[in-house]
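Pasting the structures in now, so scroll down.
Common to both upcoming complexes is chain A, partnered first by chain B, then by chain C.
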Partner chain A sequence: MSVSSSPALDAIVIGAGHNGLTNAAYLAKAGLKVVVLEKNDYIGGAAVSRELHEGFTYSNCSYMCSMMRQAIHRDLNLSRHGLILVPYLGTVNSGDGDERLISYHDETAAYLELKRHSPHDADAMHRFQADLTRYSQLIRKTLLRTPPDPARLRPRDISELLFLAKQFWSMGEAQIYEYIRFFTMSAAEFLDDYFENDLIKAAMATPGIIGTALGVCSPGSAYVLLHHVMGDVDGNIGAWGLARGGMGAISNALAGAVREHGGEIRTQAGVRQVLVKNRRATGVVLDNGDQLSARIVVSNLDAKRTFTRIMDASDLPDGIREKADNFKIRGSSGKVNIALSALPKFTGVPDNPYVNRGGQAFSGSMETLERAYDCWKRGRWSDDPFVESVIPSAWDPTVAPPGQHWMSNFIQYCPPQLADGPWTAEKRDQFGQTVVNKIERYSPGFKDLILHMEVRTPHEIEQEIGLTEGNIFQGELTLDQLFFNRPFPGYGQYRMPVRNLYMCGSSTHPGGGVSATCGANAAREILLDLRRPNSVPEDDFFDE
Partner chain B sequence: MNRYDVAIVGAGHNGLVCASYLARAGRRVLVLEAGQAPGGLAAGREFHPGFRASVAHTVSHFSAKVVRQLDLRKHGFGHSSPNLKTIGLDRDGNHVVLDGDVLSSTAAADAEAFAGYRERMTRFANALQPFWLKTAPAIGSAGLAGSMRGVPPRAPRLKAPSMTFAHMGYRLRRLGKREMREFLRVATLPARDLMDECFQSDVVKATLSWDGLVGSRLAPRSPNGAVLAMLYRMGEASGGAHAVPAGGIDSLVGSLCAAARAAGADIRCGAAVRRILIGERHADGARNGSHPASDGLAVQGVELDSGERIEADCVVSSADPQRTFLDLVGVPFLDIGFTNRIRRLRCQGLVAKLHLALDGVPEFDGLESPDGRMIIAPGLDAMEFAFDAAKYGECPENPVMEMVVPSLHDPSLAPAGQQVLSAHVMYVPYRRKRGWSDTARHAARERAIDTIAQYAPRIRDQIVACEFLTPADIERECHVTGGHWHHTEFAIDQMLMMRPTYQAAQYRTPIPGLYLCGAGCHPGGDLTGAPGHNAAREILQ
Partner chain C sequence: MNVPDPFAGERPKLSPFHPRLKALNVREAWSAWNGYKFAEYYYDAEYEYFCVRNRVATYDISPMQKYEIKGPDAEAMLNRMVTRDVRKIGLNRVGYTLWCTDEGRLIDDGTIFRLGADRFMLTCGSPCGAWLAKSAFGFDAVTISDWSDELAALAVQGPTSCAVLKRMGLDGVETARPFDIRHFDLRGSSLMVSRTGFTGDLGYELWVSPEHALNLWDALYEAGEPYGIQPYGEAATNMARLEAGFIMPAMEFNEALKTVHFEHDQTPFELSLDWLVDFRKPHFSGRSALLREQQAGPKYRLARLDIEGNRSAEGSHIYRNRRCTKQIGYVTSAMWSPAAKANIALAMIEPKFLNGEMWAEIYYEKELRHYSRVARCTSREKPFWTPARARATPAPDF
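Showing the complex of A and B:
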């Protein structure tokens, strides 16, 4: 065992997920000596590319990129470090039966397709998109900023509150009210304001449930919907993209930025404990017993893991352990990654390369979506779950052998604990089979194309990448855990209850998604505390 | 043709409260009630000869200020029964008893935890308490927003909202840093999360969640409404405890009528309003000085079903917003955006009413006397799953409910020696998927009685007669859209300055001279008198 002598390091970042890497990159860029510690033998956390079947590269957790802030992308030169984002061309939504709703980028085609289902909704779509854009513009302004603490009211908190108030009031009376409504209502109610056709509603509702333990009828799911559509990959709000080479390309590019600025990344270096002396974090103990000390420690783990797994209860002030225990981090999603011998054909979808390059969302009806949630509440998965399928190899030839394809399937809902006992390999495979059966319903012969399949329930996601309960957001996105309440009231500014300890993961504002904002925001606060010049860029907006 | 200063649509308790205040201020007031008796959801009904009940069966947070100011005691509002204990029934007889600040339960840890929970919730409720009797501030361009843009606002409109906001901020900040933060977190928490944080026993959790969920389209897992509903119901001095007034709910309605009449108001029952008459506003028609000249329309009076017309400068509707605007005003007089917002209000009730006429006191296993407010909700999952059925327009297999035996406190409700059992049964959908038929109503009623029989095995033998009102029945009988207790869902997006919707949230409506004073306004439903009180204040301004 080696004990390094005192602060050779300025900062230790625990966890090489994309936020940890972003945080380290900015700290290194500001001249700090930083090391990132990763328990796995690969970096990236949930943004990874892994060859789990020969010749196929799976983005086996996160599979789509939309929220990545462009300001960070440019500032860290991620393109130079190998990140290429290709636009995602939209989805075919399937109803419970034969109905299909195809999304087109071409405005006329999109309009005509909607009109085929409901002329009313085709017209309402303009209003819907305009409103969503307006809502997301305000939220986007808060992404790369530190939330104010409304109870403390130091000058900085006040100026931040005033900034928000100004943005808020500038929307005008009607919009303010609509905005408040939007924040608290369910996706179903929100969509009822616009649409009448059930398939269109279901198609639009699915972003409201992805990754969350809420249903389309649960108040609060409208915000989750927005959280998913406020990205702007190519400057267009709501646009989604795919990383060439898989989501690992994002992590690799961030790692490149860390190294460029002199930071170090160590894999197979799981942290057993954060060392605390006199209520100050002083370093960490690794799984292998090594100790590392540093001026500050930054945890990219979720709030629950940080305070219940790698911290000693006696090192924490009263009440923090309870807050961590009460932190809502509910696993609700599953993932099935499939290697295919050929591109599958879907019934009722025109056999046209433009359409088939999009993803397939088997959203069914609003009732199907809600019933799937009811199953989750009862500790089982639905026989008819929501499945969002994307075939990245249709855009990106690097992830599958020529002529063959890999298909990412995201499933909502999948419970973290089953009512009938713990997850077993057998139950996991049954879950995978449910998903395959559902796809087969829409693509006869699909099963025959399968070369390899990886099934991931919340259990696997937690075991492999350390997301508690497999929650992809590191904590539910409900109002009690958003903004200055995230992760806990009073700790919304990245500083944690032990001095020199920070958090930089999705458990902090603004929450989940491959956005890199949590890591960047935390870096800004750390640099402020260490009296270093800020290296984190301000956000820029395309709408102004 | 009759002339009044003010015509009030509906003699529900809010309409009567509003009428009293206006009449006391010297206005000539006429209250028009569609039903044969005043009271709305609180009106007594003889559901079987000699047996009486009303949809609302207890009083919990009726405004003490209104009681005082309108001298309701003098007008016959009896001293209430002692506060009812809330009893969470348990199948094994280990009932949870909630009596004021004390919770008795076999789960000793819960009883202990309750003290801290109760103290905190009381503190939060007290912080919010003043705002239920205030007009919710409008945050329009004429108010704060205008001032922030540097536009000099017109003094009266700026003052009220910014003062209310500042006051609210001050009250919250005065809770202390830690408690303010905790409030901001807890306010939107689902009942389930709050309960899981504090308690262990299923029955305790369900019983304490009840007041956050009852009457709403919310289940234990639904965020954003339940805790605020709990705090709303804890707002008065009773701290949320329920009571049956001496003389029953009838005595409250009776005293409100007496107070209104004593102040000079006329009340006519069996006089359904067919429409609210609206005409062009005259050049000198700025009778309501506070209203800016807008669309050139003004209220002229009301027309009854009989064809009779009553002229009035001011019409106040205690009917629900959808009925008021869509049926009585009519869309040709409203801006399309406003109409759409009213159409989209969520007004489908989920509470059915069961009235049992019993030949004796019902006997609940392990309970000395059924003189409390008894709740059948074995756990949060049971409530959630009952709600799940209702989401799809089905009746729950295992309904959850609140029961009282009001005749124990008010013997006039039943013949000597006999009793009335009154139950709010959740979650029964307003719109049943296959429609409400007599068979369906019968089946739902039997499920409810079977559920009671699990706790009071002899109940079926005691039943003399029974009545089951689905939300659709309540809509018809009490003239409330959707049969909804709150007229429209009590949820954050339909609260405060958004209740029922902006442009109608300060009791004024887009039509000069037309006001709202019912449960569809701030602060909301239940027997409180607050909307009626607040509306009267705005009208008199």
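Showing the complex of A and C:
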């Protein structure tokens, strides 16, 4: 490090997504001078809450929380910074017709409900849950750890590989084979081994397609399923919760932690270019032309964006630009946020305050889900899409006026590029209408309750928060892009091909979702390089 | 023909709110409290806890013991009994207090409501009529009546509790300060509201005569409907009170009058409730013993512990060293706190070890196998849950 040009800043974090904020919080906590630069005039990236219609606070992108590591929540005192995560009860899965499947927390109620559909499947659910829990426990143990590099095999890689081997072997031989199969299976194949009822299968399959450019029958969707059920709320694995005040409350609490430790967050400070000198990152140029230098630069942007948009190809070693170009980051999801004048009712759903409160998954059937995917493959949005709806205001008194509600709808599938030309405002609204029509089918009169709508296709998602192609995970979750392969083989440890440049977004291990893991793991590696004591926790669960 | 119920004498009594509680107790999760049928939870304990922390929920406290203490000697008599200076509790104010044996051992804790110059209400968890009668010895101008069955009570707790009460028509309730008492007319019946509770959050307790209990319930649930109002039971109460750091009988303390073994009961100082003992006031039961204890120092202190890991330290012993060879205390209550995201506990610790290392030996079970872990404990000054809204006046809407 040359003393003469020693920069005033230790670290620049590009992007105030929740991972960028987590990263900055840990760097600041370790005593580094950190600035976070965010292009938008608000923070949070895909973990954001904004008021677009008076009195209604939408969680514009992500809407539910399960992956957020409680070790980080606890360590960064996020409760004191205003974060409280509230689990919610009972999702209703609707079939194509009148069938409804309700998932209850209560064991007896859950069993009776499954039995009503299929006594066979009610029994099989026990084995399914046990298997899924076993698989997810193994992954859970890797979330707050840096993956080993199996090619480099330095002492730490070897010890990390041994740690994994030990976890693996503890499952027993038969399960090891099952587990390996699991990574390449489709959700449909995986579920066929357990269930006979189509609605139960469809209900269990939908986590396998959320955010994915895969269908329920595509190999690899079984893993995505796991990715969505490996989280927990207060140790209840697979449970999902809402952040009080919206998902933005998570980012705001993290921002509170950044500031508590002396870090700075600048909004409307988009980065145009990462500066590289002698193969070292030295700082950034902002959209307004300002230059900032720092000892290290951390990108919260996805891998494709980092290497193709804000870096010069000539600054990168050979092959990196190609890797970035080939990085799989196809968008497949839409999001429709709706302000409602009253709580909608859904036909065929018991009208009690626990169930008829908006946790609705319009799953249809395995056939409907696969057909929805077919549309996407052909460059159209699904005409009978899978919609997952939640009404956060039915649980959270702070996000809508009393008696009124806002509804979050996540849609699978919606393509980033249409076969018949570019996205237009008109086509976006047609997509919105497709979603509203689908909901109206299950909730007659729904349309009359609508006060305001925010329709987001992958196009809007990319424009606003810079998720390339609108991919919600900053890169697809397929085996070739997971673990030590994420984002690229050889770069699974948060260090990028240019020295002093790191990545901390969901493009890195363990991938997408509001988990704060990527940012925390990257901070651990940075502190190691800067020879600072590690202050990033590992999961503090006792062995589950 | 009506066949007489051969079990009539041993069935639990039903609270004035029971017809509504029964309908909502989907899980049939009943226990009992002071002879009344009482809900452990209604639908889902964790859900109910979150209603308390995130929205609004009600807790039937009708089975609590309530006594009216009235007459020119009422103030003096109560002041002779309890550890706090009752003279300082103003009109329409509530005071939390303790009462002890002559040996300074804790009999119970409760609240004193000053309803007039010469009129009080005392509430507590266990019946204490006999002790009140004993305490009134020598005070001629005081009458004590047991109101326990004569007054229905409902705690309304949670961030939107004030908003719901306003919507029910209790104008100005938001201006009540913590521990204030207000009187309202509710559809022709008189309703007493105190800004009190056992959750550490914004909350109120509503007091009505039993014949108006269902009217109150219906008005409250109508107003609370858009806020998702929900009843909660013992399980959620226990979670909330532990986060707030409040003590429970049979958890933190063994009621002195029910204690067999020497000093297996507790003193206010052992429970770290020093602020409730007022030596400047006239003589009170237990005073000399407590003075002696204050000088010598208590044998234990109740501490709030933050414990690493996520396994509840329920029933754990606390040690001074990681090897667990020197025991310095024991856990009285413990749980994973969803709001604070911490593994919390209340524990009795020998004072001289309070500033050193503390380790909990935690036992837990996993699919019928038993495991143990030794986890580091850190003592915390403040309760684990103290939202600003709990103290704010005017009370906020959420």
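FYI, the second predicted complex is superposed on the first by the 534 of 544 C-alpha atoms of A that agree within 3 Å, B and C clash if a C-alpha of one lies under 4 Å from a C-alpha of the other, contacts with A are read in each partner's own complex, and residues count from 1 in each chain.
The rule is simple: a contact is a pair of C-beta atoms (placed from the backbone, for glycine too) under 8 Å apart; a residue touches a chain by one contact, two chains touch by 3 or more.
Remember, predicted model here, so these are calculated numbers, not experimental data.
The partner that reaches more residues of chain A, of the two candidates chain B and chain C, is B.
Of the two partner chains placed by superposition, A:433 touches none, neither chain B nor chain C. In the overlay built on the shared chain, the residue A:167 is in contact with neither chain B nor chain C. Contact with chain B, but none with chain C, is seen for A:192 once the two complexes are overlaid on the shared chain.
Touch criterion met: A:398 reaches chain C, while chain B stays clear of it.
In the superposition on chain A, no residue of chain A contacts both chain B and chain C.
Listing the residues of chain A that touch chain B in their complex gives 149-152, 165-166, 169-170, 172-174, 176-177, 180-185, 189, 192-193, 214, 217-220, 326, 328, 367, 370-371, 374, 377-378, 478-481, 484-485, 488-490. Contacts from chain B toward chain A in the complex involve residues 139-141, 144-145, 148-149, 173, 177-178, 180-182, 184-190, 193, 196-197, 218, 221-225, 337, 344, 346, 381, 384-385, 388, 391-392, 491-493, 497-498, 501-502.
Against chain C, in their complex, chain A makes its touches with residues 70, 73-74, 78-79, 84-87, 89, 105-106, 233-235, 244, 353-354, 394-398, 402-403, 540-544.
The residues of chain C lying in touch with chain A in their complex are 27, 43-44, 46-47, 50, 53-55, 159-160, 163, 167, 226-228, 230, 308-311, 336, 338-342, 362, 364, 366, 371, 373, 398.
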